[in-house]
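Structures given as structure tokens follow.
Look at the two complexes coming up: chain A is in both, with chain B in one and chain C in the other.
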Partner chain A sequence: MEEIITRLTPILHRVFENNTIVVTPELAARDVENWTSMTNVIFIAEVENEFKIKFHFRDVMGLKNIGDLIKIIQKKIS
Partner chain B sequence: MALNSIHYLFFLSIVFVLYFLLPGKQRWKLLLAASVYFYCTFDVKFLVLIAFSIFTSFFLTIKSEESADQSKKKLYLHMVVWSNVLILCVFKYYNFFVESAVDLFVSMGLHISPTLIQIGMPIGLSFYTFQIIGYSLDVYYDVSKAERNLGIYSLYILFFPKLISGPIEQSQNLLPQLHKEQNFDYNRVTSGIKLIAWGVFKKVCIADRLSVFVDTVFSSPESHGGLQAIVGCYFLVFMVYADFSGYTDMAVGTARIFGFDLIRNFNRPFISQNLTEFWKRWHISLYAWFYEYIYNPLSFSFRSLKKWGIVLAIFITITLSGIWHGAGMKFIIYGLLNSLGLSIEYLLTPFRVKMRKSISPVIYKYCSIFITFHFFLFCLIVFESDNFKEALSIIKSFSKINIHEVGWYLFGDNKIEFILAFVFVFILLGMEYWQAKTDNYLSFHLKLPYLVRWTVYSAVIFIVVYFGVFKTSEFVYAQF
Partner chain C sequence: MKSTTENVYELFINTCKNHSGRSAIFIKDKTYSYSEFLSIIGGIKRQIQKSKRQSKMIGIYTNESVNTYAAMWSIMSLGNAYVPINKKFPLERAAVMIEDAGLNILLYSEESAEIEKLKERLGAKIDFIKMETITNGSLDYSFADIKGDDYIYLLFTSGSTGKPKGVPIRHKNVIVLIDGHLYDPKYNVTKEDRYLQMFELTFDVSVLSYVFPLMVGACFYVVPQDGIMYMDVLQILLDQKITIAYMVPSVINYLQPYFSQIELPELKCSIFAGEALYAKPVVEWQKCTPNGFIGNAYGPTEATVIVTEYIWDNAISQEETYNGMVPIGHMLGASKSLIADEKGKEVKQGEKGELYLYGPQVTTHYWNDEEKTKKSFVQIEHKGVAHHAYKTGDLCFINHRGNIMYCGRIDHQVQVNGYRVELGEIEFHTKKYLANDKNLAAFPIINAVGSTTIYIAIEGFDNKNNSALLDYLRTNLPSYMIPAKIISVDTLPLTISGKTDRQKLATSYQS
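Coming up: the complex of A and B.
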């Protein structure tokens, strides 16, 4: 999990234009100012590029926080 | 049976009395019977069509949920979605497509005479088909469980307060409520009645009064002065708002009497500081539907295109939402204009952030509200005009103000109507402001002494009866 968080952190900082975001499993869209439905799509595309995986729409529609995303990434890369 | 008719008042009173006389578990059956009767008062022949949509979506959605095979799950979902899209296209868009094709052939020198559908459009079609499609998608994506009671499901689709013009209810909101026994609650009933009264006031005192000024401009775009055009166009915004939000208040108020909470369809749209915010405040249930079921999957599919994928998703979604309103080039242009506005707004986000930081917050706020309101006004002029050319000619005529017109408004035969229209628009905006301050904005009088309170009730009834414009006008959104 730690490794995934380390790789997610620069993506979050870049997409949401905020270098102070502290990435934890509990971090959710409501906690980040620029995390809208529009930036979320770009964030998902960046995560796919970083981990060389492909999400299905069903995978991402129920995501509540970074912890949920990490679980899906772990499943995809394992 | 329009919601602002005497017939509806009698119908509602009878259903209300019978509803609370029946044992709790039987009440939903009465509502279902009342909803079927309500639908039949418009056009009984379309009952078969809505029954077909209800039965097929009910059984196919259960099959979709029960199926372990993903491809079968998808097949059942597609059957529900595309059968309803087909019904919508045939009844709402077929004639437009055929007529457009004929025009195209004529321009190429070919003359054809295809058959057009002359049986009219089923009432509430655009609303109930969207509700059915949304429900089947919610079950497919495990957001909701498939409803197993056909009666309750039928009531979910047919529930009469929202049948003609929404709100488009999401399954997670209304279905669980329909399963609960609703007991008589004096506060809920009185609050519902007050909301209905406020809706009637918006419709007959505001919307129908403003429509006189709006119709003058839009029925003869060439023969009016600049001031008339300006007044007509500004009144158009408040007319459509008072009409549709008035209908929604009546629908939500009626549902509340029976113990149900429908979703809020409007939330002070004219204080929006940008178009994205505006579309979260205007016709909320429709744009939430487009956001959930069209924009989200599209923007996800186009994610590799980054911000241009978002722009593409906005264009497709919002143009479709324009076409949802009706078959015609003006609705396509209305959708395209809004898509363009939203896309520019999205692409200019860094610039807007910079602007917000560099100028006074108050100036930024009011400039943003002003721009958002006037962009929507422009789109609505296109929406109301017969075609884009006519919309532009109305806007061009703004510069033709002459002194006689000013005199006509201030001293002519219509001066009382004009003053009343202004007063009622201010009352509308005042109530909106109050609504923002307190949720109980229709309950302010409860603290007043008994005698004063009844004086207020009597005054409201008097205002509606005396100042209401009682003509046989349907709600603007009933035609969609």
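Coming up: the complex of A and C.
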């Protein structure tokens, strides 16, 4: 998990233009300024690119926080 | 089919009588039947009646609650007009709208820091009524003596001089919309239909989603407003087997990566409105909705939601696009149009001109704004007859099939996620912050998924101040008007006539 958080952190900082975001499993869209439909699309695309995975829309739909995202990433890369 | 009354509330009451046990609204995982909904409406109506204030317009501080939706009908039943005030609006913007509308009463659903700030800002001028869901089991079918000329709602749109414009709409305008669109046999609307309601209530397209179903005994399903919109829309479309969906084109723009995974066999109509619809995602969306048709609808708030529609046909529509955009089609019902040159003379088929709209859906004026009313509502002559018309500012032409093609704006207005944005309004507030003579220009950029976003270029601006400027703008403008990027330039590019060349700015920064 720590390794995935380390790789997600620069993506979040870049997409949301905020280097102060602390990435934890509890972090959710409502906690981050400018987490909109557009930035969500960019964020998901960058995560797919970083981990060489592809999300189904149900994967994205069910995400409540970064912890959920980490679980799906772990499942897809294992 | 034609309505037998000019009173929208009367049509609603008839539906309640005929379909009392059927579902009317699904919101926050709960379904309310027509009788339950009417009972809540009655409770709020009684609360309003206890107020000592009198006002033709009554405000609703909107949030995602059955009370908010009920309140609109409660207000209507009393013969008043409702004025939705978005809870996400900055305090000053909300206050300006409340004062401009002349509100004495503001209904709200829950206590919040924003309500406290509004109370502090507006003081004793306003009777703030917290809506309680009081149902006493009885159903109140009564309503005031409502005439077609009575106002039904007042909505605000972006104003280029910094102040939003109030657009008052009457019952008779909405009745014409119902007759021209809802009762169109190709939609085959029945009480079994399930409507998507994705729009924030200060956006007039929401009227199609929460009024239309209640005219026929159908149900509407409210999309949560605080999540990732396009995903929440898809969830409701799937989980609730939606049959009729009014949406902004941005929704399918964002869903493009998942088109091959999406199947919506129950969706019989996808109607897009609020911003330009591009053909590429439409072709793919048709595959996701094999049993439904796709439409593009157009209309400014000043002409009661929508006045044109175009139905996509895979066989022929691709040839009809303009710069990849789907036509806005033909006029609906009794609404009429004229495409004219700068002198007001009708142009020939194929020639571009400004679109003027007239007919029984066009409102008469802006609220409390004679100057803007004179600019936008004009007398025109068409086919030898004088008409009161709305000057849209949209550049259009009629194609060889008689469909209206939208080409863009004549002025500096854009649509962002369906919301009308006057670039001048963003510039106005930015200039106020800077409090100097720096030249600046806001301009639209098409983002990676084909939706519009706003950038602003400012001469000699120190980008270290980006956060401070954005914080200031957020206190005056809604989120969809906040620039996505602030660009510092040495000098703004100019056209030959010496005006700021927004087109060049947009081209330079479009990537």
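Heads up, the rule we're going with is that the second predicted complex is superposed on the first by the 78 of 78 C-alpha atoms of A that agree within 3 Å, B and C clash if a C-alpha of one lies under 4 Å from a C-alpha of the other, contacts with A are read in each partner's own complex, and residues count from 1 in each chain.
In the analysis below, a contact is a pair of C-beta atoms (placed from the backbone, for glycine too) under 8 Å apart; a residue touches a chain by one contact, two chains touch by 3 or more.
Just so it is clear, the structure is predicted and the values come from calculations on it, not from any experiment.
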| item | value |
| --- | --- |
| Partner chain(s) touched by A:61 [first = chain B, second = chain C, both, neither] | both |
| Which of chain B and chain C A:22 touches, first, second, both or neither | neither |
| A:30 touches, of chain B and chain C: first, second, both or neither? | second |
| First (chain B), second (chain C), both or neither touched by A:41 | both |
| Set intersection of chain A contacts, chain C complex versus chain B complex | 37-38, 41-42, 44-45, 57, 60-61 |
| Interface residues, chain C side, partner chain A - complex | 226-231, 234-235, 250, 254-255, 257-258, 261-262, 417, 447-449, 451, 453, 479 |
| Residues of chain B defined as touching chain A within the complex | 141-142, 291, 295-297, 299-304, 306-307, 309-310, 346 |
| Chain A residues within the chain C interface of the complex | 29-30, 35-38, 40-42, 44-45, 56-57, 60-61 |
| For the chain A and chain B complex, residues of the former touching the latter | 37-38, 41-42, 44-45, 48, 57-58, 60-62 |
